[in-house]
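After this come two complexes, each holding chain A, first together with chain B and then together with chain C.
And now, the complex of A and B:
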């Protein structure tokens, strides 16, 4: 099966991106957060910590706080800052108005786990390197594959063709996107960042996590997200869309000034976090099965 | 021709028909519709309309809470809400303190009356909101009134004065529009933290420039100050350029025009407590706070101090 992607079709998709509607979230996350916001003793901080585990809700919050209306366009780069600025009531309304994935595919859960794992490992690396704001880097890592979610949600037919190409031709998702859609998920992510006024500190790692050398102003953050992406794929945590481990950019690795003997310690630390995340993911999936869409209108 | 007012209509039930839509057009209103509250939230927060007309019966608790969220924040509180009510609902009585709306109209809707009410809403908003145009927080008159009322009632309140250290050099280095961002940030975090800490009487006001004032029950003062400071210190990182953040200082000119290193902006919070009815008059509160502030200003970084002296001290 072939889909012809001409200029017109690409332009149409770009227009769709510009108007990108609310993207769906995992039902389990929505149930958990809905329970939390109903509980008067739960603080905004705690809700923020759960939102920081979901790429879609985190993006939604950052998009809102960086909109011209709130007066900080392109400035706010962490979920915790967004939560403080927007306040409990606004965050609560956003959670209650979140839409959920109607049909839960394995790939959706896999992609969420991949993003979550990447965020955790990026955080471990950033802390090792004593980087000023590790939360900012984990946010960038959490959002790095947002383009993949957008493609799956807006182009269901093409997504099936991409999956076929990956299996049939033994190529990576990135290559398949490039060949079939003529636009890849990093470019989609970059466009979203622009439409949503997200700061460059987030936009560059999202846009260049496959080609860190293109990052002009935030090379270290981009390099960390790149390395975390490779590590989490190599570890086999979650599902990035294909079975391949992306090639490591050696300059990016070198830029992190990590020595090879640092690696075992780093992996051990990351492993601990991943085990915890596995438990969280299990909880979310069980919640998702138990609670059918609670508030759909 | 002035920009048209955008009116968001929520609810499918008694949506205006084609004929009424022309009426809206003729009056200079542009209609956006949304079948449910849930669907409308994105529009309200991201691309706020000038007025919201609620046609749906707000039976759902969640819907009511969404209205409260919009009216309770500082950024959307100025959007007028008009709800359409059935005669029956009006006659059974509405608990207005639960409904933070600005006006209502009875169903079936008389559109001539609706338009009159809508223009009245816009006029009233203009009058009511003589708040600070930058932060939309109440200004000096409201601050004075609120604090004096609490003193007169003999309430155990703590009154805090917040100002931003190194604000002037920050403004010089980054430009006033980014200075405004810092001010707006303080306004938002103050409002949110106060409301989240206590459901009793809390208040935040904007004295002017980089000076703010707040009021909170005395037993919450420490908690509020700590939260304000930790939030500010985390947030300010978002508003400082990467290189300055790395150096942990920035270069600007001091009052004499000499280049100097300045630490990143921080907060000083001077708090006085009306313990044992220590104060009679607002002026005494301000004076006591000024003394504490002098001391705080000489310290590095973000600091707060709560003065709990009794009248005899």
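And now, the complex of A and C:
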């Protein structure tokens, strides 16, 4: 059966993207937190109280912080201690991930798990390389496929056409997007980052995780997310949109100063966190249902 | 080892990881063999997920070992020309085989 799609509608989506109309707005709480950071008199405690007002969000944030991929020795039980321990930027991006993924985890569980797995492996690699702020790289990894969410939300019928092309022609989702939509999820992700004024540290890995060499200022973070994406798909954890392992950029691999002998240890370590994440994904998905409604104060 | 919801735990299963309370205190150590009474206690303590030895629960839609290995081959089909990724495949293959033993 020949695959048909609506060129006009797709062109309309690209136009809407240009005008930033197809992009979700930044959750109010994140804008508020961004304003707060500019005020030097704001304490971690006050930031914690703002986040804590949204109980489901706060619970998800604490789950994320205490989950396998941040690996703190003790448990972090309050939002303000998370702010102190992780730093404001990390907490802001975590709040961002927790709120964006709220919609996503219910509709596209496979993609949510793929993203969680990628974040976990990126964290394992970042820690091995003793990089500052491994949490921020995890957050970039958690959001690396956010463009796929935007595409699915705007072009639900066309997403089915993409799926058909992947299976019928044995091409990756990335190739199907290029061919049919003439825009791919990394470009959509890049526009979203710009629209939200996300820092380059997050935007570059999101924009260039398929082509790390294009990353000008944050090459190592981008290379980590690239390799983590390849490894999580190699393991078959979650579902990234098609079943194949993406091509590995050997320069990106070399930039991480990892050797082939490091692979067994790295993969075994990643497996440990993935096993833990299987349970975590199930828990966080049911969390919203069990939490009491947010209390206004 | 396999991570399973506590609701699917049965007596005789062995813990592959410590069960931790929110504050990091160990509730139940790795290697413990579960009993009906212990499972009930853990439920009352609000534990949701545990990690056990072996692969006791066949999850919904989950493959057999043969199915998992066939999927692995298919995932790497476009990458057979990359020796480094072929090494990754072999390591993951060992891991899958071990997890089914």
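In the analysis below, the second predicted complex is superposed on the first by the 177 of 297 C-alpha atoms of A that agree within 3 Å, B and C clash if a C-alpha of one lies under 4 Å from a C-alpha of the other, contacts with A are read in each partner's own complex, and residues count from 1 in each chain.
Keep in mind that, in the parts below, a residue touches a chain if its C-beta (ideal position, glycine included) is under 8 Å from a C-beta of that chain, and two chains touch if they have at least 3 such contacts.
Remember, predicted model here, so these are calculated numbers, not experimental data.
A.B. asks: Now for A:77: first (chain B), second (chain C), both, or neither, which partner does it touch?
C.D. replies: both
A.B. asks: Regarding the shared-chain residue A:278, is it in contact with chain B (first), chain C (second), both, or neither?
C.D. replies: second
A.B. asks: In the superposed arrangement, which partner chain does A:44 touch: chain B (first), chain C (second), both, or neither?
C.D. replies: A:44 sits against chain B, while chain C stays out of touch.
A.B. asks: Quick check on the superposed pair: does A:248 touch chain B, chain C, both, or neither? Answer first, second, both or neither.
C.D. replies: After superposing on A, A:248 lies in contact with chain C but is clear of chain B.
A.B. asks: For A:233, decide between first (touching chain B), second (touching chain C), both and neither.
C.D. replies: second
A.B. asks: According to the stated criteria, A:87 is in contact with first (chain B), second (chain C), both, or neither; which is it?
C.D. replies: first
A.B. asks: Does the superposition put A:267 against chain B (first), chain C (second), both, or neither?
C.D. replies: Once the two structures are laid over each other on A, A:267 reaches chain C alone.
A.B. asks: Per the definitions at the top, what is the overlap between the chain A residues touching chain B and those touching chain C?
C.D. replies: Overlap of chain B and chain C footprints on chain A: residues 75, 77.
A.B. asks: Can you tell me which positions in chain C touch chain A when the two form their complex?
C.D. replies: Where chain C meets chain A, its residues are 1-5, 17, 20-24, 48-51, 68, 71-72, 74-79, 82, 84-85, 87-89, 91-92, 95.
A.B. asks: Can you list the residues on chain A that touch chain B in the complex?
C.D. replies: Contacts found on chain A: 22, 43-44, 63-64, 67, 69-72, 75-78, 80-81, 84-90, 92-94, 96-97, 132-133, 199, 201, 217-218, 295, 297.
A.B. asks: Okay, in this complex, where on chain A does chain C touch?
C.D. replies: 66, 73-75, 77, 230-231, 233-236, 243-245, 247-248, 250, 253, 260, 263-264, 267-268, 271, 275-276, 278-280, 282-283
A.B. asks: Going by the contact rule set out above, which residues of chain B touch chain A in the complex?
C.D. replies: Per the stated touch rule, the residues are 35-36, 38-39, 41-42, 45-48, 62, 65-66, 68-70, 72-73, 75, 180-181, 184-185, 188-189, 191-193, 195-196, 231, 234-235, 237-239, 242, 245-246.
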